[in-house]
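Below is one structure. I have some questions about it.
Labels for the chains are A, B, C and D, by order of writing; each one numbers its residues from 1.
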Amino acid sequence: MSETISGRLTAAGHELDVRIYFEDTDFSGVVYHARYLHFLERGRSDFLRLKGFDHRALMEGAFGSPMAFAVRHMEIDFLRPARIDDIVTVETRSRLVGGARILLDQTIRRADETLVTAAVKVAVISPEGKPMRMPQGVMSGLAPPDAEAGG
Amino acid sequence: MSETISGRLTAAGHELDVRIYFEDTDFSGVVYHARYLHFLERGRSDFLRLKGFDHRALMEGAFGSPMAFAVRHMEIDFLRPARIDDIVTVETRSRLVGGARILLDQTIRRADETLVTAAVKVAVISPEGKPMRMPQGVMSGLAPPDAEAGG
Amino acid sequence: MSETISGRLTAAGHELDVRIYFEDTDFSGVVYHARYLHFLERGRSDFLRLKGFDHRALMEGAFGSPMAFAVRHMEIDFLRPARIDDIVTVETRSRLVGGARILLDQTIRRADETLVTAAVKVAVISPEGKPMRMPQGVMSGLAPPDAEAGG
Amino acid sequence: MSETISGRLTAAGHELDVRIYFEDTDFSGVVYHARYLHFLERGRSDFLRLKGFDHRALMEGAFGSPMAFAVRHMEIDFLRPARIDDIVTVETRSRLVGGARILLDQTIRRADETLVTAAVKVAVISPEGKPMRMPQGVMSGLAPPDAEAGG
């Protein structure tokens, strides 16, 4: 069960299925736009989790200096709306894993329809919120075989 | 997959596993109290779904007069906090299925620890928000074998 | 401005005006039930604030041992829905201020209509989440002239 | 009071003060990134409101064909975090008011510090979600004196 609830690693990255509930919709009848950022964050968190890094362990320093990730920049297109009862799939791919930041491409789709696309820049910060470099073990665990080198 | 994402029917009612994400926590380090009501609503929605009734179909009149459910009363105990990365289980049992309302008992637990208990009264309303009686097909589909009769 | 944004102290307690935005509504066209708990929490926070106690200062130990408040029990009636663009008023009165807990009565109304009523029990906890007694300065600052003694 | 709660029109556009509550923060101790999109949406809604257009009236066709606004594209920089108890100011300026869309520049600042900047594209849609052109009365009401012409 815990595999399914955390999505699945793929050749390209990670996929997570998300159900649309009442809480996600607004008075216009479709999903409130900011909710898609929650779904994207769930995808990133479960991608990390299946790579062996959960947020609490990162924050507690289980892999080196205590650290967290913080979103620094996002460019997002809201193409089509999701609706209540839908199941949508969040796809997450890392484009660049650097020492101090990660660039990711994410999409949300319903079957073959792309609903949302996002380019996301995530920075590494200390528990006090200061920029820092990722512990080496985290960085090598997250780097995809075909990612650009960078930092 | 869709069975797992919607939880499972049990002898007593329904169970749904929910992951705790960043979005669910607050500055105190644990889950924000109102988020548990979201988890409870997800449990009720998926219980309905596995019984054959999703919200959109109910609202569109697929089972008789168009209808929706609205929470009218809730008594809730917040016993222990859930934390980021936890998986918690939402248990839902219907205590009474009446023509115009349903009484449910719900709990949220993490393994053997009970975190939240709630007694919930849900009313049947029309799309315009007026009280109404449930279509017979919905009522008989939801009544558990051992529920009290009522209305 | 900061007075208005934080509401106002009254003979009975505190009042806060809250605007209903898109984010507060759901696909049924009215406010999502769990959102009212957010409005109630804003009312309690601003009541504390105007009494001289903000959350960060409490947590940092500005008034004695570091502490926070956590909701332990809530009984809530959802009587009528609020709608987008509405302004609703959250009323907060403390019924009992004890050493380890506070009992409050809260309502949400739109002009003369009562939309929601809630009886709330809030406990005092340490930053680690353990039950504790309120520093004396906080307790005497919060006790209303006519509150029951207790603890 | 209703003027203050809806912010204020300025030479450049609109400003709204927003309080940071528990609900806005997450386990990292600062505001959850998606919450800033809520604050931006509140700013846009209240800008519209002070220009004479609230969402319910737009949706009910009070100014011509029924319409709503939907966010289509957003580029957002999260520069510095807001914290609990902070008051932040959301600034909204329309850069281009076209027949079918509006481009806006928004910032969130705390006193003199810029926390978030966003470029937002909002489209005009019918109640069924189809693209449409704004009724003339809405368009002329929203166009700033110095906006680019466009559509």
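Some notes on this structure:
We take it that contacts are C-beta pairs under 8 Å (C-beta built on N, C-alpha and C of every residue); 3 or more make two chains touch, one makes a residue touch a chain.
Keep in mind that what you see is a predicted model, and the values were worked out from it rather than measured.
Chain centres here are C-alpha means, and the one lying farthest from subunit B is D. In summary, the pair subunit A and subunit B forms a contact in which both copies contribute largely the same residue numbers, shared numbers making up over half of all those used. Centre-to-centre separation between subunit A and subunit B, using Cα means, comes to 28 Å.
Averaging C-alpha coordinates per chain places the centre of subunit B 34 Å away from that of subunit D.
The residues of subunit C that reach two or more other chains are 22-23, 27-30, 34, 38, 41, 55, 83-84, listed in rising order.
Contact residues on subunit A toward subunit B in their complex (touch as defined above): 1-2, 4-6, 17, 19, 21-23, 38, 41-42, 45-46, 49, 54-56, 83-85, 87. Residues 27-30, 33-35, 37-38, 41, 55, 59, 68, 70-78, 81, 129 of subunit C are the ones that touch subunit B when the two sit in their complex. Remark: subunit A residues 22-23, 25-30, 32, 34, 83-84 touch subunit C in the complex.
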